[in-house]
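Multiple structures follow.
Below, chain A partners chain B and then partners chain C, in two separate complexes.
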Partner chain A sequence: MSDNDSVTLTINGREVAAEPGRLLIDVAEELGVFVPRFCYHPGMKPVAVCRMCLVQIEGQRKLQPACSTPVADGMVVNTQEAGAVDAQEGMLEFLLINHPLDCPICDRGGECPLQDQTYKHGPGSSRYVEPKRTYEKALEISDLVVLDRERCVLCWRCVRFSDEIAGDAFIQLVDRGPGTQILTFNDEPFDSYFSGNTIQICPVGALTSKPYRFVARPWDLKSAPSVCSYCSVGCPITNESRDEKLVRCQALPNENVNDFWICDKGRFGYHYVDSDERLTAPLERGANDEFQDVSWDHALERVAAKLRDGARVGVIAGGHLTTEDAWAIGKLAKNVIGTRDVDSRVADAGAPYADVMISGLSPAAGSSATINDLATARTIVWMGPDPKEALPVLYLKLRGAVLDHNAKLIVVSPRRLSLDGFATHVVRSEAGGEARAVDELMSSPAADDIGDPMVICWGPSSPGRDDAGVVAALGRLGAARDAKVLMCPPHSGSQGLLDMGVHPSLDAGHETAAEPGRDTRAILQAAADGRLDVLLLFGADVIADFPDADLAGRALGGGAHVVTVELFPTETATRSDVLLPSAAFAEREGTFTNLERRIQKLEPLLEAPGVAREPWRICVALARLLGDDWGWHSFVDVWNDIRSNVRTHTEVDIDALSARGPTPAPQYESGYEKDPSHSGGVVAGPGGQYPKGYRSGTPFQTGQNWPLSWELRGFEARQRPGIVAGTPNGARPSPSGSTTSTGSAAPDGESADGFVLYAGRMIYDEGTMISKSTALRHIARRPFVELNEEDAKELELSEGDEAVVRANGTEARLEVRLADIARGAVFIPYDQKGFRANTLTSAPRVTLARDL
Partner chain B sequence: MADISSNGTTKVLVGGHYQVAKSIVSKYPNSRSAVLPLLFLVQGIEGHVTDQGMRDVAGILGLTPAEVLASGSFYTMLKKKPTGEYLISVCRNVSCAHRGAHKVINALSERLDIDPGAVTADGRFELETAECLATCDGAPSMQINYEDFYNLTPESAVDLVDRIERGETVAGERGETVRTQREVSYETAVAGARLPGTAGDIEARTVGGESPPEDMKAGDRPKLRDDEGTHGG
Partner chain C sequence: MALPEILTGMRVVIRNVFKGKETMSYPEVRRQPWPRFKGRHVLERHPDGLEKCIGCELCAGACPADAIYVVGAENKPGARFSPGERYAQIYQINYLRCIFCGLCVEACPTEALLMTTEYEISGTSRDDLVYTKEQLIVDAPIQRHWDTKIEYSPDRTTKQKAGRDGASS
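Moving on to the complex of A and B:
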């Protein structure tokens, strides 16, 4: 019963059909037969070095590694045959010869594949009595990763991940024979943005997390599935807490989004949630200018009073809000307060997202491609920020598309990006000349590699870039070939805010507003000019993030009553009149919509501190005070409202988002009885408890706990693929409705003198959230300015010098770095140690001089 | 190219050495294959594989220093610590042990005043014990900088040391002169490479050294001989 698309084989007496070419270990696993393994990881190529997965195949003289044997028609496999069992016992006895067995002080104890597989498949005792090989115990190989070489079982996973997936081959197996050990090069650190993944995939406690070391035992942890709150890739993660403190975030696999990986910012950047600096109660500025704790009723009534009677109101939302917050904010502003002056673009102020729709690249102000379309694309055009810094896991996907799937990558940028190392074509555009470079692509050498299917990636980047022109050019390029677009707004909540119409010219569902309102810049300008009565800021730290810090400052001082909903007393917040405390991502049920418009669910794990609330609840309360009772009490209520009002989201099934239980439940044939207390196999239910017997049971009674390893928990994530919302059909907004900015990129009276300014995020910076992370905050670099060598020569500047950078009357002293960047352009990172680039980014150009 | 690396150490593969390194790299369709010869080159220059040397090799081949370390540390002929100018490796495996290898080792140890595994204070000799050198017919046997010596007695072994110390030319069993570690490493590195300023290939003396066919391009696999063509291809 086999044809070209399927072979039939027998595993432990059960017949199964499988796609030809698939690996035996995977096919068996899906059948519920778990073959023990160390080196095999479904996210990487098999290498078959650990020999743990040997199985018996009829007709083969020797046992075969299931991890590197493709299934074949008529294959008869036995994983429990005496020879295979003997091999498994032998391998484990062998691995344990030098293993220190210090489980009681090992972070991995309780969730350790070596421990688990030894219980299940080991011989029970060892014949080895000689002294073990020892090493110096804990080596800090980076600020984040600690290495214990004694525990290593030489599975190569960390080495392969760093080389194959991340492209940062900084960790290697060195020396040979019994002395083989994992090391970095001498004292050079394991300096990779993705290093934490090796901790998660290490099948023993050889690589451990510095922030999490000795913090908890796995069975003390409570877990909940969630989504990373940083960038717009939206990697699914688990949050784990002990004693009501968030102590660990790990990647949850989702083959649509992140495969098995997250970046170190997502993994180690969680400390802000439990920071002592969190706002815990509403605060009101008192008579003597000091903040006083007030009750919610009091605070909200005060805000409502200001909002009544035709007050002139501007609403700005930051990029880390959930889709539900976004819907509530839009509804409050437009339907209740009656203002169209609402925008969610702060750091990315003025970004022409709506133009993506106008230019015909996508039916929505968002992506028409999915992240996985990169893997099947023939051509990928990248026209955005440096993804390794700004959208780390998307960088991995791009790298995989080129190196594993042979996509042709064309990078258009005035400066060197991390992608250049493997790009097929790098087009170094002139300063400010990206749009032209895009238009000229078809007559450049890159034209040969432009073919279908094509995915155009665009993300807003810099004040110096004419993004509207760029999007128009990309539209022309895409229209000629029916390309799809992957639009990359910056933050976890950015796309949800667009979808829900927190935008001056878009309504929810990507409908063009009849009468566009003011955008962020215009709102701030109006506030600065005293033309607003109330400024409502939802998670928007305009002083730190808006590209013109000076204007933001003047807006707050312009006489409007400023109300801020925030996690922290940010600089913006402390200059407000009322501060309302907000719940953080780990404390709430909600959804983030990522850059491919995939909606994924966050489950609450912790209580919000004090009386902090979700922003949408604050909107509900304000609306009620203003006479409009929405009747929302829960996440489900919000979604019922979204579904009945937002045409793109009518089909979103929120039950499916929190998918409970795998279907069909894998029945692990591990020789153990099934735990009768649950029928769902290994699944994290919503609300975050792993099934009884796993997290809350006694871990060493492995009978009920098998299997514990992370790879298997992948099943649970495949149950949570998320949902990509629909797109509006037909109705395209007219270009005229797209912008109301009062000259966002226009030089403020200055001539075209000076350098075109590119500014961009580095992965680690002094942003509000990340600077609270004890693990990451000191990794931010010193501020610098990147400059072309020829330009530097003319200015008599050299590497390491201090340059005075001036724009619009402000100046900064920054270290010069010579770089591969177009002449006439400079690059400055945001928020590096002690320097806020947005004091300079108000103009598209800066001047540079030697510090005399 | 600057002679000082970013961490302040003087680079090893600069100037003429850099040119030699380049010509070695050009031998290989895949530049990565040059990692071992380049490490031998570093050893030929520095006496052992230094950290800076590994960094330089990484820089030339576009690898990380860790990858170079991983390859280099696997091979015992590449020394990560300073070695003696003359490395004496005495076999102690079964055949040799039966025929008195331990006496040879003890005599050398006494003569050089070091334990096996150590280097003499003047840096001239290093003594090590080795596993089977595949010259059991000449047991007990040893090598000095990889040249074979057979049928040793404690006296004949010590005599070899004395002669080297006096500056005499010593030849191994196959008639090849014993050279210093550096010389041997350097030759190993450049075997088969077209060195700048020379017309043809440097003769391969110690290892491999086969030059690739002229028409071989990056990514090509070596052609199988006709009689090999049936399996695998």
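Moving on to the complex of A and C:
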């Protein structure tokens, strides 16, 4: 017998204790008994439609699907007795009736759950001789996904994912009976930001990736675990390469971060790594204003010469640097060069991250909540950018928290966000009045749904908005009930840069600096005024990303010696004096710190092009030339230094970052070997039938070199959970209502003219990295301006018109879209086709007029 | 007595004196290998002229010497190379690595890859010995370094005049 929180059952003669309510298929898998399956996926609710996982349970008249049967006390289960084995063989024979045998050209071939499970559990031959059902092959159902309905085994995984997880039910089972097929509605494209996940979970080759189509076979691929380099959610991925080219990124599961999912930007946005435009050697501006290739020694010596002798230096770091780079940059700037003018906020310039600590929301300038706290929260307050566009996988987590875990979601925003569809309360704030809306939350109808535990999600919404006021208001809201905060900076490296003190008023470990330095805006202003000698830009494309393109342009022309560490010759880089090539995320060992301050490791897969180096190595070399030898030669050296100097990171065990957890399923690690009891010791391979052991060592026989499908590998990398960085204890800054003003534009006065400008990121844009993606760069939309209907009426604008948007003497012609947005506010997306919003975002207000 | 042994030995000697020479003046005269000799590969075509190879890389996967390199691509309406969706954009066999085991031919699902009896594979540079698809496709002439005037059948009973592509028949 067993106690309340555990039941005891017997699976294939082995007794096992399990939590009540768990599914039989999971419990068996942990025991090492693999029950074949197609429709079951641990990230989704079971439906038991494929009938592949039928098992025998003593006392039950019929076979039961293990994927939807909860374990019960005293249950005696058998997965290998004649009845269950017959069912498995029968199901596979049925599935293969209509499945075309075009495995040789199928992108799934070689890592296909249907192939693998047929070898392992299938009948060996088919009795079916009639013609197969046929459909038109290779239907392109979106710019990214190709559908082959013939291969589909109707497991519903894609349908369930789209509906349950993503909420974009663009793909559905249509028709009935033998004609049942997967299709989109009315030939509308499968335009989901998460469509790539259906490719990965498809247990056959029915949904395949268009960018990866026929690029490689699974056994060609080298792969290394890594972390997505785009947004700050930091989804773990595998990078896979063929012939030293990155050809595929797939999601790795981490139940703390992304469950099993990544967005299409992370999945298909990798092409920039292999772009021909990458910088491969240090460049120096020579005599005729032309760049010349120079050696590292020469380039670094030139930079060091400029940095010596009390030069006035400003350092700006971009958001895609790793934690190690961040530590090296902070150390170089503060300890070696001796400047406090260092900042890592470019697109999010002026975002009051430090205020999150000062207002008492969190003990660090970062999250105090984890992403999974969303699922256990009673109330979630969202006060940030549109998560579906900016932090897509966090959107999935928020959606799951509300729909599956009954959290109450309160969205405060002046414009409609993707969350509004399932939010419990939507508070539409006035233009520029978000802080007031937060203050009034407790007296609004939403107050009834505010309870503990509460998670406040905040991210900088738009340059020039009163984020400091918002954070202060959230601080007041949170202080009343000890809420946790999930702070959402924009980029993969943003939080790591804050943790490492690449910030004018913070030191590493979230210590407040005695004398704050200049922030990005002030550094650029100083450079523009000729008050800086050297401007060091680490992956910071200030002309494209800084909210005031004009100021950035003047800063580069202000006479300072500009040194840029970059992947690409961006506009900023081509205007600098020395250009140093950097290694990209797939080419290096490193860590990203995500928005919940989880540190996850990148493993190197490729060689950096030419002589490109990691930015931290550049810092090491510069420091040495400036007379300070740090003695770092490897990733481990950097971390030893971080651990002994950063109070929040002393406990980080970097070996644990790459450690693999327990791998389940010893039984099926060996791949193809069929159970000898009913296979006669013969293994079928594509070359025919060979006795077992013959030709051992070639992939067909042993499964050693052969990439098994994820199902059979038991979702191997549930393994790398990452480590959440510590929070500073002890001297916690006292909560105070006052906030520091960090360069944000003045709050809007009542008398100001024009519209309050909100600018935000859309998932696909013309950013430096994503615009190199052959898959995604065509998807970026035309630029538009979102406007309230009433406002539009007054201006005599209607949907689709072209409006002239003016700010600070610049103007742009943008297509008008009527939207649910507060009166007096307009929304403009960043970096859409042919238009950079940061030419307009320098002013807090813009005027609109009809294009005449 | 040793006489019987001597006579036995002399019988062998005398028989071989009249037997004719086993050596031949290669490359002017040469012998065809047996039909199942495993020589260099060809990529077959269908009767309608489309390539049989679909670029599936199973040959490359089966190759124990890692001698085969294939990159697939998609047939487009204007540029069709093979039936179906996929064809081999790049197909290379590195004859410096190939051990002529024939596993690639066995693995080929479309019988596109066959082995000829051609054994003259030599070159003066490494690059020469990486055969491309253009060299391997069946209608590409098999390059011989020297002219052969006479060719014998494998059992050396029939003599025939050899053309330049005599070996592939």
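Going forward, the second predicted complex is superposed on the first by the 779 of 852 C-alpha atoms of A that agree within 3 Å, B and C clash if a C-alpha of one lies under 4 Å from a C-alpha of the other, contacts with A are read in each partner's own complex, and residues count from 1 in each chain.
In the analysis below, a residue touches a chain if its C-beta (ideal position, glycine included) is under 8 Å from a C-beta of that chain, and two chains touch if they have at least 3 such contacts.
All of these numbers come straight from a predicted model, not from anything done at the bench.
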Exercise. Check the contacts made with chain A and report whether chain B or chain C touches more of its residues.
Key: C
Practice problem: Answer with first, second, both or neither: which of chain B and chain C does A:D220 touch in the superposed model? | Solution: second
Quiz item: If you stack the two complexes on chain A, which partner ends up touching A:E515: first (chain B), second (chain C), both, or neither?
Solution: neither
Quiz prompt | Which of chain B and chain C A:A138 touches, first, second, both or neither | solution = second
Quiz item: Of the partners chain B and chain C, which touch A:D289 in the superposed model: first, second, both, neither?
Solution: neither
Practice problem: Name the contact category of A:D5: first (chain B only), second (chain C only), both, or neither. | Solution: neither
Practice problem: Pick one for A:E188: touches chain B only (first), chain C only (second), both, or neither. | Solution: first
Exercise. Using the touch definition from the top, say if A:D753 reaches chain B (first), chain C (second), both or neither.
Key: neither
Practice problem: Examine A:V174 and indicate which partner it touches, taking first as chain B and second as chain C; both and neither are also allowed. | Solution: first
Quiz item: Which chain A residues come up in both lists, the one for chain B and the one for chain C?
Solution: none
Quiz item: Given the complex with chain A, which residues does chain B contribute to the contact?
Solution: 51, 54, 63-70, 73-74
Quiz item: Which residues of chain A touch chain B in the complex?
Solution: 159, 163, 168-176, 183-186, 188
Quiz item: For the complex, which residues does chain A have touching chain C?
Solution: 102, 104-105, 109-110, 137-138, 213-215, 217, 219-220, 686-688, 695, 697-700
Practice problem: Using the touch definition up top, name the residues of chain C that touch chain A in the complex. | Solution: 54-58, 60-62, 64, 71-74, 84-86, 103, 106-107, 109-110
